[in-house]
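Following: one structure in structure tokens, then a few remarks.
Naming follows writing order (A, B, C and D), and every chain is counted from residue 1.
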Amino acid sequence: MGGGGVLRVANLTQECSMVRLEDARPLIAAAEKKAQELGQPMNIAVADEGGNLVAHVRMDGAWLGSIDISIKKAFTSRAFDITTQELAKNAQPGGQFYGIHASNDGRVMIFAGGIPLKKNGKVVGAVGVSEGSGDQNHADATAGASAF
Amino acid sequence: MGGGGVLRVANLTQECSMVRLEDARPLIAAAEKKAQELGQPMNIAVADEGGNLVAHVRMDGAWLGSIDISIKKAFTSRAFDITTQELAKNAQPGGQFYGIHASNDGRVMIFAGGIPLKKNGKVVGAVGVSEGSGDQNHADATAGASAF
Amino acid sequence: MGGGGVLRVANLTQECSMVRLEDARPLIAAAEKKAQELGQPMNIAVADEGGNLVAHVRMDGAWLGSIDISIKKAFTSRAFDITTQELAKNAQPGGQFYGIHASNDGRVMIFAGGIPLKKNGKVVGAVGVSEGSGDQNHADATAGASAF
Amino acid sequence: MGGGGVLRVANLTQECSMVRLEDARPLIAAAEKKAQELGQPMNIAVADEGGNLVAHVRMDGAWLGSIDISIKKAFTSRAFDITTQELAKNAQPGGQFYGIHASNDGRVMIFAGGIPLKKNGKVVGAVGVSEGSGDQNHADATAGASAF
């Protein structure tokens, strides 16, 4: 993988698209597997460095209303480089970020299920999971993120 | 359709959950394959009978702006049981459906790339593809729909 | 302020276009400098008398989700002639302005980081800063406003 | 710039954040200079690889309504890797992309002023300019993009 200038540019390009579709697939598969273990069908979404959707699946029987939520949880976790579970703590009435859910044209979700994806310590995307309890969502998103 | 009560219920269930995640996967795979043949990375989305998203992928290098468009083309094709290419013809200025793109809170796309999915002659979902020319989109969506 | 007609018009013009781009630049520079001292990259936005954006910068590494928030904090501070930190106190459940975040098509931010800009005691614009803790935001916005 | 693993990672990180604030500043300065030559104050916006705003300025006297337009032109050019002038041709009634302006929640602008920013042939961001005629917008955005 070493080598001269041209090769390095090629490598750079590849490494710059941080969350590629081939990265998202195993991540989603891991989250699906965890969801099956939990006996809870889920919506699972993956966003890239720009907060834009890379892939989404709705498992059979998962809530329709959670399609949007899973995609927005992924956006939120990348947009603020934080789990939505952690953000939730600061977004309650009286908290320092209370009202943040009204920003970004309604794309900010403030309950558990969104987890940032990191490479070399830098956030390069996020996974968002929606369905069931907050703890289930977080566990499922964690399973996905671990596969990244 | 023969059979005892239990079997009939099973059949019913199968026919009612018309576009399951396991139906969407090979459809998306076929559209991805066609997109590779066309040398044009695509966004591909599948909607179910309710017009709601089942799954989405953005191939590496596909347009960011087409994430939304692919999902909305799938919605549109199911919402009006028509290809968006066909709808486009009627949605031009002077056409009988001109202005339809302003309905449904901006979810109606009026250019090629959305195709209904049918079972036994009934529309049960749709595929939406976005990227490249209208003809490419339509060809790619057709490839996906054929795999259904 | 003395002088003949032409000079008076010039003065008037200067005082009326209260937050010009040349006013916004040193303000943003000061906020950037403070952000560097705090070790916290920020989004910084400046609004004029009409609440409309004059300039915005996102420092490298600052949250994507804070682009929108910084711009809306600036709008909010000018729209209600108040710091968003102060507004926050009145916008909590039970407070006299609870629900205000739902007004103005989602442009009202109710957490710290927005500060009005004054000339001769009159609010003529605002600065909005977003990133890090509410205290950091407020300190940074104050640094910016002080440079005005 | 050669060297071992650690150095390469550092380089990678730097090169991956494709449009940094320090890239946007000279670009905006060039567009401002061009606008002054044209005698036409402008709104100028720069977006990064994810289509997200990096920086914006409104020159004194520029239209208020163009704040939003400049930001959305930058988004559009990145979202579809195309100038908005070119996109406009395909987005007219009867064109293959007619109706695209209704997608992406109203963020797609289909008139001249948005230009993609490229590095090594790959689109990594965009500039959006709004004010005056389409030709002026395009000329001004080109001046900015050339400084990139």
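Quick note on the criterion: a contact is a pair of C-beta atoms (placed from the backbone, for glycine too) under 8 Å apart; a residue touches a chain by one contact, two chains touch by 3 or more.
Every value quoted in this text rests on a predicted model; they were computed, and no experiment measured them.
Participant: Between subunit B and subunit D, what is the separation of their C-alpha centroids in Å?
Facilitator: Whole-Å distance between the two chain centres: 31.
Participant: Distance from the CA centroid of subunit B to that of subunit C, rounded to the nearest Å?
Facilitator: 45
Participant: Cα centroid separation between subunit C and subunit D, in whole Å?
Facilitator: 25
Participant: Scan subunit B for residues touching two or more other chains and write them down.
Facilitator: Residue numbers touching two or more other chains: 64.
Participant: Touch graph across the chains, line, ring, star, complete or other?
Facilitator: other
Participant: Using the contact rule from the top, write out all pairs of chains that touch.
Facilitator: By the stated definition, chains touch in these pairs: A-B, A-C, A-D, B-D, C-D.
Participant: Which part of subunit B faces subunit D closely enough to touch in the complex?
Facilitator: Residues in contact with subunit D: 63-66, 68-69, 72, 88, 91-93, 101-102, 106, 108-112, 133-135.
Participant: Could you list, by residue number, the parts of subunit A that touch subunit B in their complex?
Facilitator: Checking each residue of subunit A against subunit B gives 17, 20-22, 24, 50, 52-60, 64, 67.
Participant: Which residues of subunit D touch subunit A once you look at their complex with the stated criterion?
Facilitator: 8-9, 12-13, 15-16, 18, 48-52, 105, 120, 122
Participant: For the complex, which residues does subunit D have touching subunit B?
Facilitator: For subunit D paired with subunit B, touching residues are 50-51, 76, 78-81, 93-94, 96-100, 102-106, 108.
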